[in-house]
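Each of the next two complexes has chain A plus one other chain: chain B in the first, chain C in the second.
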Partner chain A sequence: MPNTYTSLKNKLINAFERHKGQIMQNDPEALKDMRSEAMEVFHKQGFPDTQLEDWKNTDISAALSRDYAFLFETEPEKMNLDKIFKCKIQDLNTDQITLLNGWYIEDQKLKETDDGMIMGSLAAAMDKYPGLVASYFGKYADPQKNGLQALNTAFAQDGFFIYVPDNVTLDIPVQMVSIINWNKDLLVQTRNLVIMGKNSKLTLVHCDDSTNQQAIFKNSINEIHLGENATLDHYKLQNLNNQSSLINSSYFYQESNSKLSTNAITLNGGLIRNHTHVTLDGENAGADIYGAYLMDQKQHVDNQVFVDHARPNCYSNELFKGIMDEEASAVFNGHILVRQDAQKTNAYQNNHNILMTDTARANAKPFLEIYADDVKCSHGATIGQLDPEAIFYLRSRGICEANARLLMLYAFAAEVIRKVKIEPLRERVDEMIRQRLKGELHICETCALHCDGPGKEIIFEIDMDKV
Partner chain B sequence: MLLEIKDLHVEIDGKEIIRGLNLKVKNGETHAIMGPNGTGKSTLALAIAGKEGYEVTQGEVLYKGNSILDMSPEERSLKGIFLGFQYPVEIPGVSITNFLRTAINEHREYNKQPPLSASDFLKNMEEKKKLLDIHSKLTNRSVNEGFSGGEKKRNEIFQMAMLEPSLSILDETDSGLDIDALKVVANGVNALRSKDNGFVVITHYQRLLDYIIPDFVHVLFDGRLIKSGGKELALELEERGYEWLKE
Partner chain C sequence: MQEENNKILDELTQGEYKYGFYTDIEMDTAPKGLNEDIIHFISQKKKEPQFILDFRLKAYRHWLKMKEPRWGHLHYPKINFQDIIYYAAPKKKPKLKSLDEVDPELLETFNKLGISLEEQKKLSGVAVDAVMDSVSVKTTFSETLKKHGIIFSSFSEAVQNHPELIEQYLGTIVPYTDNFFAALNSAVFTDGSFCYIPKGVRCPVELSTYFRINAANTGQFERTLIVAEEDSYVSYMEGCTAPQRPETQLHAAIVEIMAKDNAEVKYSTVQNWYPGNKEGKGGIYNFVTKRGMCKGKNAKISWTQVETGSSITWKYPSCILLGDNSVGEFYSVAVTNNHQQADTGSKMTHIGKNTKSTIISKGISAGQSNNSYRGLVKITQKAEKARNFSQCDSLLLGDRCGAHTFPYIETRNKSSIVEHEATTSKISEDQMFYCNQRGIETEKAIGLIVNGYAKEVLNKLPMEFAVEAQKLLSISLEGSVG
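Here is the complex of A and B:
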């Protein structure tokens, strides 16, 4: 029987041969070579499978067995974006930039401000600023790492590009919305590049949404450079349909005194893997890495976090919390590397999971690799159920069992949600978590399997300031 | 009759703890149940509250004339039964305010009343906080998380004050309290006593009964009430201990 898994690989290899002129049309010279080399890596390695240690608990073979279409150019037909997607974050004033099916769709391909900030399409940036792009593209996301990363490097034509020059602060968050809306199953490979100069400040909200029930396989790479004393506040909101897979790799490279906060909120999706790679390559740099995931049915989420403490006096703090219902499964692999020079490192890692059923699964693997002797490191991982004593306590006060569970689950997730610094976003995420817990979040409305939540309205926190 | 317990037998994991207990509580009455450790005091309280695993194998518990044994814990609460826990559970992340407002609105919905507005809720909460000498910050904290023993017990009585039950069962509310906290808790309970409600106060020591003066005192031993009397029985127990009752 022909393996479609292999057939997808062959289809991609052939497609690259046929379309490479088109793929490379905006490329700086150095990038062309990188793509060809990456294609060789993909040829050799193929897709990652469960034989690889990193992929042991995340099996993408079923997702790869679909017959995906690829788009090598943007759809000429102008879509009415408002019809297919409406961001529901009220009162959140953002600069929104949008990708549709992997292609940048704003009329103005690059927005440039007087203080030198550039924001828009990566394809357009390659064309207009080849030197700038070439000096960061592929610098952190090594195409040799695995077949998917190689594949993205070879194929990715467009994505978001943001450049914040030295000493520039963006007051308004930038919202990167990536929407998939296609009438066939689609393989999308986007590449996002964010370059932050010295003393710059940026807030990024990165939303991945599907708008219909068509399957997608999205293989996305983000490379994010934080210059000296730069501050980045980064959020990922993931809300995809059950047929879809998202492999999202983010490489944060941090120079001295830079501060990163990144928070991945995973609300829905057939298979989602977030690979977060942080390199602390300057003294006094720090990274807060948070994540919350709420999965059910047969959904699978995988958070791979690698923190490289390469210099002294840096900190990293990881907190991931997940609620797994029905037959959902979660993986957390946290690897902290403290190199010999990285004295006075503070590195903390926590992963906590609640399993709602006997068939839900969570797999946590903390891993500390320490070569320096003067460090503070800790890790903790728990997998458990809701405390029946606490449920009884709430019920004994008249709160019905379903609401008692909701209160507890919400409280469990809230520890991560409270880390969201932008108030309207926090309120929205909060609302989404509540809807999600009640099975009322938008993407599942059309899904016949689900959406039969306990139904009763539950009133949460009163804001004392507003009374 | 507010509460009528007839020949109650309760098992936990197949082991019989309550072995034929009878008790009647009328509106306006306060009953004290005393007894040594391990005689079934908390089992009785938790069985009335409907805790899973506390299996009633025989007998009846009638509340306002109706059996409650088939009711869920929440339904018992909604009908007006309150248990002040001996060991209140810590619930990280759920603030007292949030929790109580959810609880009160479930009670109001059950009684076909509209939800309480935020301002009415807060007004009510402020009054009841004063009653129990609870400072502002406490109610913004997670339920019982990191509370001292005294704070936990005051929080139990505070919840009772907010929910205004008809029947309150207070399980060793005095344990872990210093004398000042004991007075505050007792004053809170006394302020809530009325002709329309009843209390069952479970305690190990007579001390609490100096402040919450009961109408009746019962001795629970080996799963049964072996002696009943007026408030003077508590004093006698204080003097003579329980041994003389055990033959």
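Here is the complex of A and C:
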């Protein structure tokens, strides 16, 4: 099917021709070919449309019909980041690295520690460590998969780069903050690469924020490699304005005995699509994949989770929960593939949705594809509403209906929030969920995490004596 | 009971496809291929009124514009639609008055299948309509049914005798534009069954149709239409077999059910088309569109199916729950062995208020087969307090087969509840050990466990079918355990 948003497509193709040299200036040789090939794929496939099975319920045509600007270099005028963004989570000490409009803006482009850890800008890493980058870049995110992925491969110039060598444990979480602040509609394509060596440990907090009401189209790819016995704790916090579209594809590749825990918490955003792709390519590897989404107005969230059990004795556990209010819509597509010899696989998939109104929508497709017989796989999906008996129970104990509902919704979401292992972060998210449920969490002027906003303490109006 | 059990076990050890014989009967066939002339030919042969011919031609012209669907989890070579004979009928005397006049070869065929028309008529009180290749051979019990005002006849007879009913309902539930194979069927359908239950009538006997593909290189395209008027009830059964042939044969059927206020239709299928040999050669491509419409209030349509045959199965019996409080049910056991492939499930579309649907699907895969459940539960905005429960379990016997689940759930209102559960597992060592320890051999233990696993669905089948289905399960899995 030819798609209708050809003007943006042509604009991108022309822009690539004009800026090719600039885009590829830091590229290792192998990458240059990859970009040209990816551009050909984009030429052929264009943007994904609802004719494609994977995109059936997520229509990006409206988002693509805008006239976006692209940035091929960092704006010369250095922004004062402190003015537009501040993030403090009480008691949470993080190593923060920041992208502004898709460009790495810290003074020191690459931070390197004595034990060999590298952290900073992908563009800088390409320049300084071309071999290391080239051996992982594009290895897991196949540009052939769809037009957007091809487009990112062709265009992405900067993003985060983290390298944790063998046997290194990072005690402090790394917080990757990606902010968009631009006075025009902007198309941003970032690429993040995380490489973890054997026995390494890392905690990542990934925040996606917007600071004003301009429309953004962000097409981002993360490639994350977990070496043998590596442990990664990964959190995604998404709180964007309603004009923004975020297409976020994360590829986790796991070697034997590695453990992954990833948690995507979506609080606001016009159109958000999280594609999580986990390949368990070593025995005894395991992945916990969680997600919570609270959407209202006309917001749309789409979680696509693909888990590839390529080796025996691995486990995967998915839990996604969502609350949809007003005209919001949600999609969950889970796909578990158990390959022929991946015996002793344990794979679980759960998706639960609550619809608050008759105009909200939820689509779920939990999909199992199994070619091995000695496996335990199950999935469950429910779409429903709050249990009236439970509400009655609370009301009979003197809690007003509104509060009873809040309490129930909060408890519903809490199952996912409880999985957050960093305590200060969990408390923070907890509070955000509570604010969100009361309709008090909006896109803060300064920060997604709402830290310096009106510091109103939110508590349930429940008289504990009566309970 | 003991005797019955022994019989089942005997069957078990025999294995193989036992309906693979071929009956040598003089056939009347159309030339190979498909074009407007063939459609005119079929229509002329059947002396059809103009509206049917128009319907066929419209469907054919639409079909030409359509593409063959490839979204199923199925792998098969491209079908050459010009290499199929679209009309094959046993040559017969113009009109038969009683069973005695039926070709003895034909009767023999049906006897071999275990459907003695005569016997059935006397003993079980089941009215049978037997369809061989494309033509309905004999309908029994018509007289008894006539007393209640029930029309149960072959589709062609109904076209001749009740054209007004056919015109009113044909293609209303499965329009010819629905999908590729529905369009093809609408263009070339040759026969099938028609059943009309008048207002307030509870059909006193089970109605049954047997489909048999006999001739080589033919496709079978039958059409079943059931109309249940207000407050009526009918239980309808369907069975299918085909001879063993090295080449594949296409079967593309349509079943349409209309249930009005308070009507209930129970539709049971035991599908045992030839599944192909152990290397996956030959067999029937079973591409069927089945849909029921609960048009009135409190209407109920229930699909029960046991699928053991066909090299490829592609069918999704579905219910459109339009009337308030209407109910849709789907119970299925699908067994695949050797190189069989099945992509089957159900679609439930909730439109009316307080509509309920249940889906219970049990998949069993063995050998190198692939067995997929694909289902859709759709709750529209108006379907207040709609309720669905789906459960799809898969059992894997062997490490070279596949079991897949593709459930689609779409909900658009806040007062409905949709639940879906699925599990995939194999027979556990504990279960096996328990049986062995009590002196039950492995092969028999598997039969026992599989039957237990499928019981929930088998229980929904009418008596006559339940026994047959149980036997079929064992035969289909014979030799699958190393």
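Basically, the second predicted complex is superposed on the first by the 437 of 467 C-alpha atoms of A that agree within 3 Å, B and C clash if a C-alpha of one lies under 4 Å from a C-alpha of the other, contacts with A are read in each partner's own complex, and residues count from 1 in each chain.
Assume contacts are C-beta pairs under 8 Å (C-beta built on N, C-alpha and C of every residue); 3 or more make two chains touch, one makes a residue touch a chain.
Worth saying up front: this structure is predicted, and the values here are computed from it rather than measured.
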Partner chain in contact with A:His379 - chain B first, chain C second, else both or neither: second
Contacts of A:Glu389 with chain B and chain C, given as first, second, both or neither: first
Touching partner for A:Glu53 - first (chain B), second (chain C), both, neither: second
First (chain B), second (chain C), both or neither touched by A:Ala414: first
Partner chain(s) touched by A:Gln343 [first = chain B, second = chain C, both, neither]: second
First (chain B), second (chain C), both or neither touched by A:Thr357: second
Touching partner for A:Ile399 - first (chain B), second (chain C), both, neither: first
First (chain B), second (chain C), both or neither touched by A:Glu369: second
Residues of chain A defined as touching chain B within the complex: 387-390, 392-401, 403-404, 407-408, 410-412, 414-415, 458-462, 464, 467
For the chain C and chain A complex, residues of the former touching the latter: 71, 73, 379, 381, 394, 396-426
Residues on chain A engaged by chain C in the complex (per definition of touch): 53, 340-341, 343, 353, 355-385
Touch list for chain B against partner chain A, complex: 49-52, 72-74, 76-78, 83, 85, 88-95, 97-103, 105-107, 110, 115, 118-119, 121-122, 140, 142-143, 159, 163
